[in-house]
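Chain naming follows the written order as A, B, C and D, and within any one chain the residues start at number 1.
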């Protein structure tokens, strides 16, 4: 029984079957990659997982609870954090403030009228935020404006914002899309480091095979909205079905 | 400070006074020892405030009021040709200011907004030391400023305000209105309407949806129903609606043969123009020629509506084409100074300023309570409206009312309105506790000298 | 002090001193000098500085922190004013129940309007607030509710005022006939004359001052709180915030209601200072003026709203009164041709043309100075400091603190 | 029945003005992504083109006529317009009489120039800034334009009548088989309606059938892609701003006989036209036109006595009520694409 159980998801957009009978099980403390060619339904599946889309049928259970029909913030409160394709951070705030917000969200829940306390007096939150910044080696940039960070640092910051909530599942949406090779490698190292330091389940949606094979313990291949195979990386590489449907076609 | 290039003279003066100030004693004063607000004491000058709309929809009227007020100050201070001072039935004013004090004035912009008008009047009272406020071009503002003057302890001489409420339910002891009102319009129009249009008509009212519109409609309706006219419908229109077509169109087949536009300013210009476009003036209903009536006219509205007002009947407080000596004297001074004839709004403000000055002179004091006493039930003549009384019970002036009509063949650009009749004062009088004027509950309160 | 850090404490103290000493600070010129027309230290105007200051400080909590541009904020000011005058009419001229009710009523209105309007964001939110405010304006201006019920609620365009025959059930026989605080009349004042100077200390002004100081203090607390941080993050990236486990709508609604209650307080105070209230203060251009004040002062800053409100009210009441005669006096020292030329150049911008100045200044601020007067001040100080450091031979690091 | 037809006619007329303004507003939003709060001011500038032309044509010289006297008893100065002196009194008077339609020819170059100047001088610096900033700066501009107009033309409404030939009303009902004199409609309003239809049709035809229009439409759909094709989209968008300004201006020119222009009509129309755009759907041209007419007709119906008897004052708030309901139930408006401006 995985921590995330997706069963029989169907989603149609007009005449297009975006997802057809998707079943997926992500086991706890593994890195699970979901790959597939363009238009395979990866993004649609992710949007279902985070509550942005409601499927026509099927169920998504996280740790025994359904996530369907819940708002993104509720799903986050259940313990699922999300990293975006392009880093989504609070550009107008400082780095440390960026990390403090998820800390407050974790501690206080989706809403709390803490309008009278001074943020500076929240020592526990500050320490938590500093610790995670140290983890991603950004402590020296704690007072910088987030918008002025380099792209790699923005990615690190976003990771920190997700990790500080100690999510039970981290969803990564093409975390290296559009990155130069060096940045991609840095990101892979960062993710590896994270994985080594803490027990965390990750689900990565990714296009870049290099990233997938560097990180993933299990891989699900999606094609035309349906899972083709689910295997370990070693087995995927030589899998005829995958080669036929995906790797062959994509000339990777 | 000494580097300031704004005004060398000012700086010198400032420096001198600052120097003198060091030698002067310092004292603290709570109000209540001077007798009344802004008492001029032994100052050689006295300041009055001209609070008129200089921006906003009635800015043109406000600026015309301001011209007349400046003229009045000139005349009070003995400059110019003296204007109505020469025709005024009282001869107390001799061109030496008021009670020997030179008259100075400050101006303010009401924007035709009550809040702004009150702020401006407060500044005149609190900062500039004004002893009297006059001017204004709408009833909402007049009521608001009148209330303020009452609580601050200065006199308010209303400018153009036509709503019954100003001297009706919102009357105040410190406030005075020379201008006529909605009830008087109705009463004055009555005989003319009867003579011109008979007793068998059916009227359709379009009324601006605010206090002035309501009271005017009420007054006119009472008059026309008294003549035996039917009231077909009375429709409220939003202020500033712009396009009135959807209110005018239903008039066509309503069976009404008279349209009464209880609109003022831009609303009146637009609704009248559009009513004419709908061919109402050329229509025949119930065997009658269709007629349009505009209860309250002003020269500026007439200019805005252009040819559309031709033949349309309405009422006015005063018109520059009157033939009496007072009017002639005022039109001459005004016309020579500014190059065009004064509007009714200008006239009422000019007269109000002189009346105030005269009342102070007769009372022998600037104390508002003295002025109130001097003005109450005061009778005068020679101010362009014939014999006039300031009624003590509600501080409303009673005088003849003009009924005018849009000129059919104007000879020049100022010839927009022609006088049809002058309804005598006895016809437009009413009891101070008339139900349209707040009934028995309406009360002036007591005069407030302020401090 | 009071849970504020050193920088905020000093800002707070500066504001307290400014507010308390305003009757002196705003009257720098002797009463009968030529420059006295630039004095702003008379009670009515000082009250408005504070009332609009409170209003814009509250608006800034919404717009400055969350970036949601409400184009209908004046509606809450109007609602608060009406509530206060009704308290005067029904209970007594005591200002305390009036102000309390105006805050409560404005709060209730903002809960309802906020709940609906906050279902949308961006320009849709602006249009929704504008639509609500215009509806409320139309209802108040023509007293549609009153007409529906066959009574008077807002008394239409003339405005609501207290009449002698109003019930005033709590009024004692000896109570003043003007707004008062347990007998202390709002409009009574003490004048302090020093040489040519006259300084007026009015009870009403100091009541406003107390509320201003409280309102400003609360605004600092909100700005520095985790709640304020969340609001700022809404402005920065609402999507990220949603995926961070924060439900933005209740936060927005809270900010909306707080800022509506600030507006209600301002409205209540306004009625307490000047107990006649009309619908026109709810018109959408009045809301636009609030936006202009916030932008001009420096949106999202603590002190900006107060500066902006002060600057606009100063222009409205002082600059609008400068007329051509005064201009001629100023330039009298110049040769006549140049004098007339100068007057002709300046003429369109002063007196009745002050709206033009307002429009031009506002555009200039939006284009060149998004941080408003606060940014201007900072740049000025920055310029000064840089010069200093440039001159300093040691050449210490000029890196800004943040 | 006749009352309803009359109100539909009135609504169509009001709607034409709304639709024309909203059309320009939507063109600007759709192509440039700018929320233009100064669009009402453009309408007003158009209206004042009428006034200006009327004044220009009426420019007069003075002659002292000793036989007549003015209001002060001095000899009357008779003013004769130059056009009457040049072309003879009848032709001259006719030219002045036709000044409103003639003002179209003044308004087109003026409005395009104003539009260009606005876009190049101000708006282009705001493409990348948030919508709130665009609203604010154009709101400031609207104040400035209104004040400049006031400084030059005063605050009073200025009478700008339609040509004599169009001043009456036609008996529209007879055409539909009603009794004579039941459905009367002013000629000028019919002219305005037809004029609006022609303008709307021209704009759509221009966008539909010219290459220029096709590029612009493509740009509205996906600006970046079109930019990648190497087409200088910016220059075309500048022109679109000029076009939108001209549409608003022409709407203003022809509206003057219906509504005497004054310095504040820009602001009066601004709020309304935004409501129209939002109801139609931000960025949808057909939506703007449809919403213009629909709101015009709704407003007319709400003004009917029968309706007001049930809901007093509904005519004053109907527009806002509709806007609120539409925004809450269908935020993309009647015909807007999903996702536009929903943020």
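Here is the rule we go by: contacts are C-beta pairs under 8 Å (C-beta built on N, C-alpha and C of every residue); 3 or more make two chains touch, one makes a residue touch a chain.
Just so it is clear, the structure is predicted and the values come from calculations on it, not from any experiment.
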| item | value |
| --- | --- |
| Between A-C and B-C, the pair joined by more C-beta contacts | B-C |
| Chain at the geometric heart of the assembly (C-alpha centres) | C |
| Mean-CA-position distance for chain C and chain B (Å) | 33 |
| Between chain A and chain C, centroid-to-centroid distance (C-alpha), Å | 46 |
| Interchain centroid distance [CA atoms averaged], chain A/chain D, Å | 51 |
| Inter-chain centre distance, chain A versus chain B - centres from mean C-alpha coordinates, in Å | 73 |
| Shared-contact residues (touching 2 or more other chains) in chain A | none |
| Touching two or more other chains - residue numbers and ranges from chain B | 55, 59, 209, 236, 238 |
| Multi-chain contact residues (two or more partners), chain C | 138, 142, 355 |
| Touching pairs among all chains present in the structure | A-C, B-C, B-D, C-D |
| Residue numbers on chain B that touch chain D, as the complex places them | 55-60, 209, 233, 235-238, 240, 242-243, 245-247, 249-250, 252-253, 266, 269-270, 273-274, 277-279, 282-283, 300, 303-308, 320-321, 331-332, 335-336, 341, 411-412, 414 |
| Complex contacts: residues of chain B adjacent to chain C | 6-10, 13-14, 17-18, 20-24, 26-31, 54-55, 59, 106-109, 113-116, 118-120, 122-123, 126-127, 139-140, 143-144, 147-148, 151-152, 163, 165, 169-170, 209-212, 214, 236, 238-239, 441, 443, 445 |
| For the chain C and chain A complex, residues of the former touching the latter | 3-5, 221-222, 224-230, 232-233, 235-237, 239-248, 250-251, 254, 258, 402 |
| In the complex, chain C residues that touch chain B | 29-30, 32-35, 39, 42-45, 48, 138, 141-142, 155-159, 161, 163-165, 178, 187-197, 200, 274, 276, 278, 280-281, 316-317, 320-321, 323, 329-330, 332-333, 351-352, 355 |
| Chain C-touching residues of chain A, taken from the complex the two chains share | 50, 71-74, 76-77, 81-82, 84, 88-94, 97, 100-102, 104-106, 108-122, 125, 143, 145, 161, 165 |
